[in-house]
Structures are given as C-alpha cells and as structure tokens.
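Per-chain residue numbering starts at 1, and chain names A, B, C, D and E are given in the order in which the chains are listed.
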Amino acid sequence: MKNDIVKSEKKSNITGSSLLIRILVVVGIYALVSALMLTGNMSRSWESLSIRICFNVILALSLNLVVGFLGELSLGHAGFYAVGAYAGSMFAVYTDFPMFVRIIGAVLVGALSAGIAGFLISSSILKLKGDYLAIVTLAFGEIIRSFVKILPGTGGTAGLSGIPAFPSRYVGFTFAYAFVILTLIILKCFINSRHGRAVTAIRDNVISAEMLGININRYKVTVFVIASVLAGVAGVIFSFFKTMIEPNDFSYNLSIEILVMVVIGGMGNLTGSIIAAGVIVVVPELLRALEDYRMLMYAIVLIAVMLINESPKKAQFIERYSPKVLLKKLLRKGEKKSESA
Amino acid sequence: MNLLEIKNLGISFGGLRAVDDFNLTIREGQLYGLIGPNGAGKTTVFNLLTGVYRPTTGKIFLKGQNITGKSSIEINKAGIARTFQNIRLFKNMTVLENVKVGLHNRENYGVISSLLKLPGYRAAERRIEERAMELLQVFSLEEDAHHLASNLPYGKQRKLEIARALASAPTLLLLDEPAAGMNPQETAELMEMIRFVQKKFDVTILLIEHDMKLVLGICEEITVLNFGCLLAQGETASVLKDPRVIKAYLGD
Amino acid sequence: MQVFISTLIDGLNQGSVYALIALGYSMVYGIAKMLNFAHGDVIMVGAYALFVSITQLELPIPVTFLLCVIISATLGFVVEKLAYKPLRKATPIAVLITAIGVSYLLQNIALLVFGSRRKMFTPFLKLGSLKVGGISIPMISFVIIGTMLVIMIGLQLFIKKTKTGIAMLAVSEDKAAAQLMGININRTISITFIIGSALAGIAAILYSAKYMTVDPYTGSLFGIKAFAAAVFGGIGSIPGAMIGGILIGVFEAMTTGYLPGNLTQASDGFAFAILIIMLILKPTGIFGTKRIEKV
Amino acid sequence: SNAEDKNMIIIGGIGPLTGEASTYGVSVKQGAEIAIKEINDAGGVNGIKLKLYFEDDQADGSKAISAYETLMDKGMQILMGAVTSGSSVALNDYVKKDKILQVTPSASQIEAAENPTTFRICFIDPFQGQEMAKYIYNTLGYTKAAIIFNQDDSYSTGMKDAFKDQWAELEGTISAEVSFGKSTTDFGAQMTQIANSDAEFLFMPIYAEKAAQIVLEADKKEVDLPLFGGDGLDGILTYLKGENAKLVEGMTYLTPFIASDEDEAVQSFVSKYEAAYKEKPDQFAADGYDAIYVIAAALKEANVTQPKELDVDALVAAMKKIEVDGLTGKMTFDDDGEPNKPAKFAKIVDGKYVAQ
Amino acid sequence: MLKIENLHVYYGVIEAIKGISFYVNEGEVVSLIGANGAGKTTILHAITGLVPAKKGRVTFGDVNLLKMPAHKIVSWGIAHVPEGRHVFGQLTVYDNLKLGAYTRKDKEEIEDTLSMVYKRFPRLEERKNQLAGTLSGGEQQMLAIGRALMSHPKIILMDEPSMGLSPLYVSEIFDIIKQISESGTTVLLVEQNAKKALSIANRAYVLETGRIVLEGSGSELMNNESVKKAYLGE
C-alpha cells in the first residue's frame, strides 16, 4: 500500500544541483548587500539592521539546535550569549594587540568561554527534563546577568564601554555574514551526520534511543556546547556592533525573543530560523511609523503569525504555493515551452 | 554455548512482586519463546534484561559477562536489542532514518570529522545508507523509506521496529509481541521473516507472543511465566500440553 | 536571631504572594499543559480594573472586588477562545509563544490606555498589623496566607474529587480518549481558564492591597516567578506550587538580607542559584513524582 | 523626510516609549514637544522652525542604534538623547563618526558625554552621590548610613558607588547596604535589615516610583529615618497621596527641578503640560524641555540662518558660550560637555517640595 | 440502527476511506476485517467523530452523527474501545472506569455497572487503585473495554479488543462480546483474529484499502475461499 505523505527533502546527501543553488543564494545575498552598501544605496537603518540580523540569525540557529533538534526547551540562551560577549569584549578592551588580532582573539576567547559555560551547565543538569530544564536554564541566564554586575572588569551595572567598533559597516557586515555562513555549515554538517540523527532520535523517543546504544548524556552536552559556542560568537559580534554592553542586554526577555524566532521559523527548520530572525528584527523597525501603536501591532502580528502558522489551511496553501512547488511548475512550463519551440 | 543466563531474577513494584526468582538459559542461535498470562511479568523481564529497570535480586549474564544493573546503552553495546510492546519509533523521522539511528554505533566517526566533512565521514555515511536500505529490503519496507514512520500502518511499524533493532547488530534480539495487531496471513509472513532474519543475521531471538500458532511454528523451546514465577519450561509442543499451562494460560 | 526571624517572615510574606499567583498558574499549567506566560498580565489587567473602579468609579469596595474577579475571568476565557483554542493541535511550545504574544498585547494595551506611569492605589483595605515580640506582621499577610490555603485546598479537592475535576485530568492526558468518554474538551478547557483567571483576579486584589501599585509591566514579573514556583514545587502539583512560591520568596529574602557588602548587587542571581541547586538535587521538584512511563 | 522638513532643523529624539523604562522616555518626549511648540509658535530660531522626530529604543542599546539610523535616514541634524544612559553610551561611536551635535537630557552616566560634540543637561551620577554625602556629613552631621539601591540600574549603582567613596573619605560608616532588582516587588527583607541597623539616615539613590513603595514598606517596619536621595526622587508625592504623603515629610534630595516651584516659567510649563498630557511633569519632562531650549540657544548663538547648513564646530563652540535659564536651573556648559548649574536641595515640607 | 453511507475520509491529501456504505442492525454483531492499513480504525474514528469525514452520512437511529461534536456522540449510546487502548495513564483504574460513565447521571446504576465490570474483569478490581499507565498491556486492554462498558452503551465499537491478550483471555473476550450482545448491546467489531470475529458475527464486511470488497454473514465469509486465504491463514 502506497502512503503519500512524504516528508520531503529529508535526504542526508545534498545533491549536486541543490548545493549549487545554495551556494548561489549565499553568494548572491552577500553580493547584493555589499553592492548596495558600497554604492551608498542602502539606507543607514538597513545597514545597521543587516548586522543586527546576522547576530540574531546565529542566535536563532544555535538555539534551534537545542530546542528544535534536541527537543529541550532552553530559556537561558541569552546567558551563553552574555558569556561570549563579555569574555570576548574584555579581551578586546584590555589587550593592546593590533586591531586584527584583538578581533580574532575576541571571537576565540568568547567562543571558548561560552563553550565552557555550556559544558559546565549542561553537564550539571543532565538529570533534568522538560520544564524543569527550562526553568533551570532561565535561572542560569539570570545568574550570569547578575554575576556580571559584581565581577571585576565587566563595568558592573553601568556596562563595559570602549569596545572597538568595526572599521566600517561593510566590514562589520562581511564579518558577521561570514559567521552566519560558518554557523550554517557547522549545523548542517552536524545534523546530517550520525550525531545529528542521534540527537533527533533522542528528541523523538529517549527510551528507544538509549536502547540503540546512543549515549544521551554525551549528546546533550555536545549539543549545548555547540549551541553555546555559537551563541558566544554572536555575543562577540554583538559587542563589536554595539561597542558597549551592559547586563540588561542579556535578560531573559532576550532568551524568549530568540525562542520566538526559533518557533516562528519552525523547530528543526534552519532556513525558517534565518527568515524568522530577520523578520523579528525588522518588523518592529518597519512599524516605527505607527509610533505609539508600534509594539501593540507587533504583538498582534506575533499572535497572528502563530495562528496562521498552525492553521491547517496554511499547510494546504504551502502544498500548493511553496516556492519549491512554484519553481517546479515554472521549470515544467519552461520545459514544455522549449519542447514545443 | 549459553548466550544468556538469568539467575534468580526478581523485581517488585511497591508491594507487587512482578517477577520472582526467575531463571532462564538460552543457547546461541536459539529461537526461544516467553509466554504467560497478561500481567505475568514478561515485558518486565525484557525491561530487566535491557536495563530499563534494575533488578532487586538476581543476576544476568550475556556470553558469560555480567550485565546486571548496567545501563541500556551498555547493554545494547554488549549485544542486546529489542522491540517494544507499545511501538516506540522515532515518529518524526523517516523510515530510513529510523534504521540509520539503529546503525549509530556501527560507524564511529567523531563530531569533528562530521563538522569538517572529512572523507572518512562521507564513506561512512554511504555505508550507513547502503546497510539501512538493505535492512529495509529484508522487511519489504524499501518503498516506504522516505515516509514518516508515524504514517505507516501498524503492521509495518512493527516490522520497522525489528529492522531498527537489527541494525544495531545484536547477538540477542528481544521481540515483544511482534505479531500483535496482525492478521493470520500477516502473522504467517512474519514467522517466515523471523526465521529468515535469525539465519541471515545470525542472531539469537527471545520473543514474547500470545499467538500460539507463531510460538508453535518457530520457537524450539519456551518458558511460561505466571504471576512473575516460572510455571513451565522446555520443548514447545510439550510445554503447551502441560495442564497447568492450559489452565493458567491457554484455556480450552 | 530576631533579624533572622524577621527576614524569614519577610520571605513568607513575599512568598505567599508568589504562591497565590502560582496556584492559578499551576492549575492552568497542569490541565492545559501550557506555560501561560500571559497569566501575570491577567493579574495586571485585574489590578487596573480594580484601580479604575475604586479611584475613578468610586464603587463600593466589595463590588470592585467582584468586578475585578469577573473581568479577570472573562479575560482569561476570551484569550483562551481567541488565541489558544485554534492551537489545540499545536506543540506546547507554539502555544507558549502565542501566550507571550498575548502578554505583549495586554501590556501594550495597558500602556496605551493607562500610560507608562505607575498608578498608586489609595489604601482600600486597612487592616493594620500584628505585633509579636517586637516583630510586626501586617494583617494583609494573614489574609493572603489564609486565602492561599483555602484556594489550595479547594483546588485540590475540586480536581481530585469532582467529576469536572477528573474530566480536566482526563483532557490533559488524552484529548481523543476524553472525547470518547463524552467530555466536552473545549468546555473543560474553558472552565480551566475561567477558574485560573478568576484566581488571577483574586491575586490582583490581594496584590494591590498589599503593594498598592500597578503598572503595565507588573504582570511580566509574575509570569516568570509563578512558572518558577510551579516547576520548583513539582509540575502539576497544586500544593507544590504553593510551597514552591513560598520557598522562592524565602530564598529572595535571605539573599537580600544576608549577602555581604558588594555581593548584594547580585542578590537576584544568588536566589536563582539556590533554586538551581535544589532542582539538581531533586530533579522533579519538591512534590513532583517521576512521570511513570511504562515501557 | 517630507517636503516641509527642508525648511526646518530636524532634531532627533531617542528614548524608551514602550517597555519597562517607558515613563522616562515618554516624559522627555512630552517635555520636548512643549518646548518645540513654544519655540515654533514664537517664530522659530532665527525664523527657522524646529522639527522633532522621536524614536523608541525600549531602553535597549542596540535598538537605540537602529533608532539612531532611522533618524539619520530621516535627516536628523541634532540628536536630543538618548534618554537612558546605556543607550546613550551605545551611540557614542556613531555620533563621533557622524559628528553631529548631541544633547542628552537625562543620561547621567559619565561615559554618556564622552564625545567632544555631546552635552548633557542633567547632573552626572557621581556628582549627586558626592554632593549628598558631603551635605549629609558636613551640614547635618550624620555619620551612620543605610543605603538602598537598584542593582539593575546604572543610575542607581553609579550614585551609590560615588556616595560610598565620598562617605569613606569623610570617614562615615555604613550600617546597612541593601539592594533590589528589576523584578523585586517586595521590600520587606530590605527594610528588616535597615530597621535592625543603627543607621541614622537612609540614602535612596533611586527613582520615585520604587522609592514610594519602599517608603510604604519602611513605615510598616517602623523605620523612621531621615530620607535622602538624588534627582530621581523628584515627583514622589504624585505616588503618595493623602496620609501617605506624611511618610516622606522631611525627605531631602538633590534636584534641579521642582514642579511646585513658584517660578513663573516652571508654573507655565506645568500648566501647559498638564493641559496637554493630563499628568504632572517630572524632572525628565523638564530635562527634555530644557534640552530643546539649550539646542535653540546654541543655534541662535551660532547664528544659524540656513536650516540645512549646520556647522557642528560652530554649534559646539556656541554650546560652550551660551547661558540658558531653564526649568532645571541656570546652566552653562564646560569643555567636557557637562552642565554647570547649581545643585538645589529640595525638601518636602508639609506635603510640598521646598527648595532649600 | 447504525447506517454508514458513502463515507469518504482523508488524511491531508490521501484518501483513506473511499466511499464506504454499510449498516448495523440493532442487536447484531457486525465484524469488519481487513489487512493492516485497510482503514478499519479510520471508519470507527469517523463514526465517533475523532476524524472528520469529507463526505457521506453516518446515521444512528434518526440522528446524523457527522454533524455532531465527538463528545455528544457518546450520550446517544455509542461507546468506542479505541485502538491502542488510550487509557488515562496517570489516573487510577477506578478513575478511568468512573470516567467511562461520565455522561451518566444515576449513581446507583453506575455502581451496578461497575460491579458488573469488576465481575467480568476481576483483575481490574484487584488493581483499582493502581495507575492505569503501569498496567500490563493486556490489563490495559481489559480496562479499555471495561471503561467503554461503563457508559452502558446501545452500541459498542471495538477496535481490536483481543490484541495483546493471552489465548485464555481472547476466548474470554469473545465470550464477553457474546454476552454483551446477548444483553442487548449492538456490537461493531474490528478484529485481526478473523476466525473468532467471523464466528461470533451475524454479518461481516471485508475491507481492502479503503473499500468494502466483500460482505455476507459470518459463516458465509468464513467459507469464502479468498477470505480463507487472506485472513484466516489457511
């Protein structure tokens, strides 16, 4: 008996042509944005938004690994982000190597520190599941934010200022974009490997996974470490963008905002996370014209998106009008035309 | 040679003695049956064997190695795989991926090598793909390879569970009511399949089943459990004629 | 010693408010299996309703209380119908995000209607305080603790003993099977939200009486605190939510009172650290049992 | 930017209009709007009208950057903002690169006016902390302090740190030091500590709304200490009505602005503000109002006649020359961009703010 | 009594039931048999409103069930023992049974039914305070049947009630079905154990991939060659 519900595109090996398309999209976006920036055709708000989108995309992608693939609700992603941002920018502020070394060093130091934090946290909460884990990650994020206030060198509540800025917007964007791509490659490779499958299996059924010899604890820690390293990198980019960071930049509201991106984009859907991160950053800016009603509208949009996202009609709509389907139709038409010609 | 030895195994839940002083020996290459009334403790024995529960008394040896109280992961690595009475597939993964998860420990490339896409990784992934497809073919599931596991009908889900368990290359395969929810025709096919699998993969099989046709058809020996205790043990046909077994389990 | 006891009482004081809020939250959480981050904002709306009816409409106090509870319950009912019901088949996390949307929505409506500046109540429940051995305890705390206990016991009896209560448990576990029993799922969930939100209304009254203040963001704190309390107490356990709330209050009071010098700046973080340590020691919360999953 | 903007000087405002800090942003915006209207109604600056675009940053630095860029896209020529310190500091680099005149009404953290083109209307946090310490020790003669501060607000921690340093120098002792955070609703434990200390007074470097609640709690705990604080305490009486007003009787704080000041300018501002927004202005509103007048004065001083040709160096030079008699006092600006204006001590007497 | 006309059911885009019509008379035992995935469960789900039907009519007496929300259907006297048992695992056996009688009012009658259920399944009485989730597979199946009986239905739909039961209990279940039927309750039975199902059925239908391919009395089908081959394993 033939069953027609096929989960599309779940193949582990990227076929040649789709790899090419992906490379084209990646290069194309970069070329477009650079061209606009370098010719001065991009408005300033979009220039800065393009960088903000980048580090938010990295945050969303990395959290998606935890929430979407491992299936654990983490409400403390801002904590790892904070560790990366503070460690990285303290390196950049308190050393006087050449600029280039400071930037690279900051990324390494930020990523490493966040990774260590991810390792320590995740290995101490292995016994916790579900909402218990959620509350502990949330608490952890708040602890980081809190302790930053009393640690030496962090600038306390007033924040750490004097972080070197990117020499130009264009450099900043290139830098951030490169890390977005790196993040994507890392996640894709991980997910399509036996390790990625193991992680998804843990999400779907822990007992079965254990029974197949999959080391649950090791994978939980691995996933948290990868996600926190990436969040740490995002933190460093953020601190170079903002040039000053303060504890309030990393409150649990931010963790929730990242979670919103992941869920709206679709759990376990990397492309979705990218788009959603972009949308969540851009929408409030687009709504500026509404003035007082801006955040009200934002809330309404958020609810509406969730309701539409989950409605059965949307599934039908996508079945008919998704870009993939449309592209196929177009190609078919083209073929027919060329045949008839 | 004895593959599995269970000695004085026992466990209680609250006041309930679910399994009590249970002994069982299975030789390599056997197709062994475990039967008994509902609630007799059969599934619990499987759970004890696979580390889901820790026994309160007794010892379990696999190939002479003591595996009592080990974790499920270690037990799987030691060579036991199982299916579940209430099917436990990875529902949001495709049929093929389910089997690939089963192959997890057969290829051992590390996280770093997957991140960097080293050549070893590619070769290993290709082998995994091939093996998984082979396994699906054994169970005639290759056409469903890219379907979501949860969309399969019941019978196919059971087969997929067996395929997935086999993927981890066990020496001992535990099947918990593999024929439940199948009609006689399908059950007959399944019997063939189990026999075939046992030969092809060279595994020893211990199965729980309420379908006596299947038990009689493929199990050389069986053990009957009743209220957690051993009721009878021995060659299948003769055990099934035991009046105590008839009274407690088969009815007339 | 006296300082310690006073601080402990402060903690109980504060914790009892968390506990009161956590009860309603935990009930919705246990039955609808969703983290209703908008619960705190229902309290905020209730408090504004109370504020308007006391200071602007100048209604008799008992009427204002009733109004506050009715408005809160209605709000809970409406929110559930409009925002959560269409998501019955969605994952809990999708509902969580929608709840966050609702929370933003209520906050921003309040911001537009009442402005950003905090409103202060004129005292409307004057109860004075009790003096025991040099420590004075405000009477309102006894009212809060009393109400909390009554609600806790009431909820517990309602859920475990009444037909509707058991129906709620059935719905929370298996909606399809519950329907086969003849249980109206939508109605049951509506009732859950109405009760939960009415409790939010009661919390709003007592909160306002105790702290005499409300602003658009009052509720956002409670969402987190109630969540923490409910989880810490053990998911689904009503007495757990209560104890959880009280303990969190006590942790906070202790870290506020006893951290030396410069560490006081991180008192929030220390309170959370205690919470984490306790949860690592008891991974299913105080009263939580391991969810039994038969293999 | 639309057509009529061409003949106007565009001032951009940045501050929180939504989110937990929104009171501050809203007040500044409203105060500034009144000033803009007054100036434009009177014919503008040298005949040029002013236009204010105000963007929300939710007191979040990176959103402030987006707000800033949006304003730049709209043609912002002078920045009035950001309202909060964190956002202001985050804009430092941008303002430096763009070289525009920045006047922050209320960002009181030192780093917020680091830029050579940035000026500030309000006092810096350390200044207030030091002044209060000196006043309390030298003038009033108290030696044992209790402090309550907000751990999540740099305004509060900045003032507290400066107070403590100064206090140590004066050889005063600290009997109790407690804090609260963003999410604190109950101040019982804090007050217990203070009640059981031998402190002679309570220093509260915090904003009025939290202070009002703390005062209520202090009353319950029978803490009857003299109260002191910075300009944040201004407006506390709007939260404490009726008998509760008695609880802050005698409270002394440092402020540039007192809404009940008999001063004519103040009263005219207050009545316009109340008419427009149905609430009493606080010091943030006054800061916003003054910031606009300071900008106007600088424009006049620099003799700006073409709206689209602002010379920032000339404006900065002008800023250092002008003297503006604002609601928050008569002020001039020094080379660091800091205001020189007299610190007024206000005291609450008989339920009214009285300048000392 | 129960009449299904031209029923079509879809899961997304696939059509699981492709226009099925059949009926069940009062007092009858009617069996549906068919291979895995034929659509038996789906039909029962459509009758009790757990999945929506795209087209067709389902009438019970004079009422059209398709227009009715699932929870109302029970009160017309229709009980459903679902595939996969679906007991409330975190509730006790007793609470599960009580929920079975959710739509009933009369306390005494409920008590009577309860003791009837306990008599049929003594194991349930033994374990009445155990959490249903920890029962063995077969015990859960007993509970699911007992729970359905608690509503004192006019018609009971059973989805593979013998699955996972020991041979002794399988015979017993079929005896119970007979008793249920004799006590006046109509039975619509879905079974893999076709031999037993046909032997107690007044009439039966054979399903293949969403269509009815054969119908007849139990004994007719039992002797039908293709049925013998495909479903009886002979």
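Quick note on the criterion: a residue touches a chain if its C-beta (ideal position, glycine included) is under 8 Å from a C-beta of that chain, and two chains touch if they have at least 3 such contacts.
The shown structure was predicted, so the numbers you read here are calculated from the model rather than taken from an experiment.
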item: Labels of chains that are neighbours to subunit B and to subunit D; value: A, C
item: Other chains in touch with both subunit C and subunit D; value: A
item: Label of the chain whose CA centroid is most distant from the centroid of subunit E; value: D
item: Most distant chain from subunit B by Cα centroid; value: D
item: Approximate Å spacing (C-alpha centroids) for the pair subunit A, subunit C; value: 32
item: Mean-CA-position distance for subunit D and subunit A (Å); value: 37
item: For subunit A paired with subunit E, centre-to-centre distance based on mean C-alpha positions, whole Å; value: 49
item: Overlap residues in subunit D, where contacts from two or more other chains coincide; value: 17-19, 151, 157, 181-182
item: Multi-chain contact sites of subunit B, meaning residues that touch two or more partners; value: 43, 52, 84, 86, 88, 152-153
item: Residues of subunit C whose C-beta touches two or more other chains; value: 108, 111, 224, 265-268, 293-295
item: Partner subunit B, residues of subunit E touching it in the complex; value: 33, 35-37, 83-84, 123, 134-139, 141-142, 160, 163-172, 192-195, 229-234
item: Of all residues in subunit E, those that touch subunit C in their complex; value: 48-50, 69-75, 79-80, 82, 86-91, 95, 98-100, 102-103, 131, 133-135, 147-148, 151
item: Complex interface listing, subunit C residues touching subunit A; value: 35, 83, 86-87, 89-91, 93-94, 96-98, 100-102, 104-105, 107-109, 111-112, 224, 227-228, 231-232, 235, 262-263, 265-270, 272-273, 275-276, 279-280, 283-285, 288, 293, 295
item: Partner subunit C, residues of subunit B touching it in the complex; value: 43, 47, 52, 84, 86, 88
item: Touching residues on subunit B, where the partner in the complex is subunit E; value: 13, 35-40, 43, 85-86, 152-156, 177, 180-188, 210, 212-213, 248-251
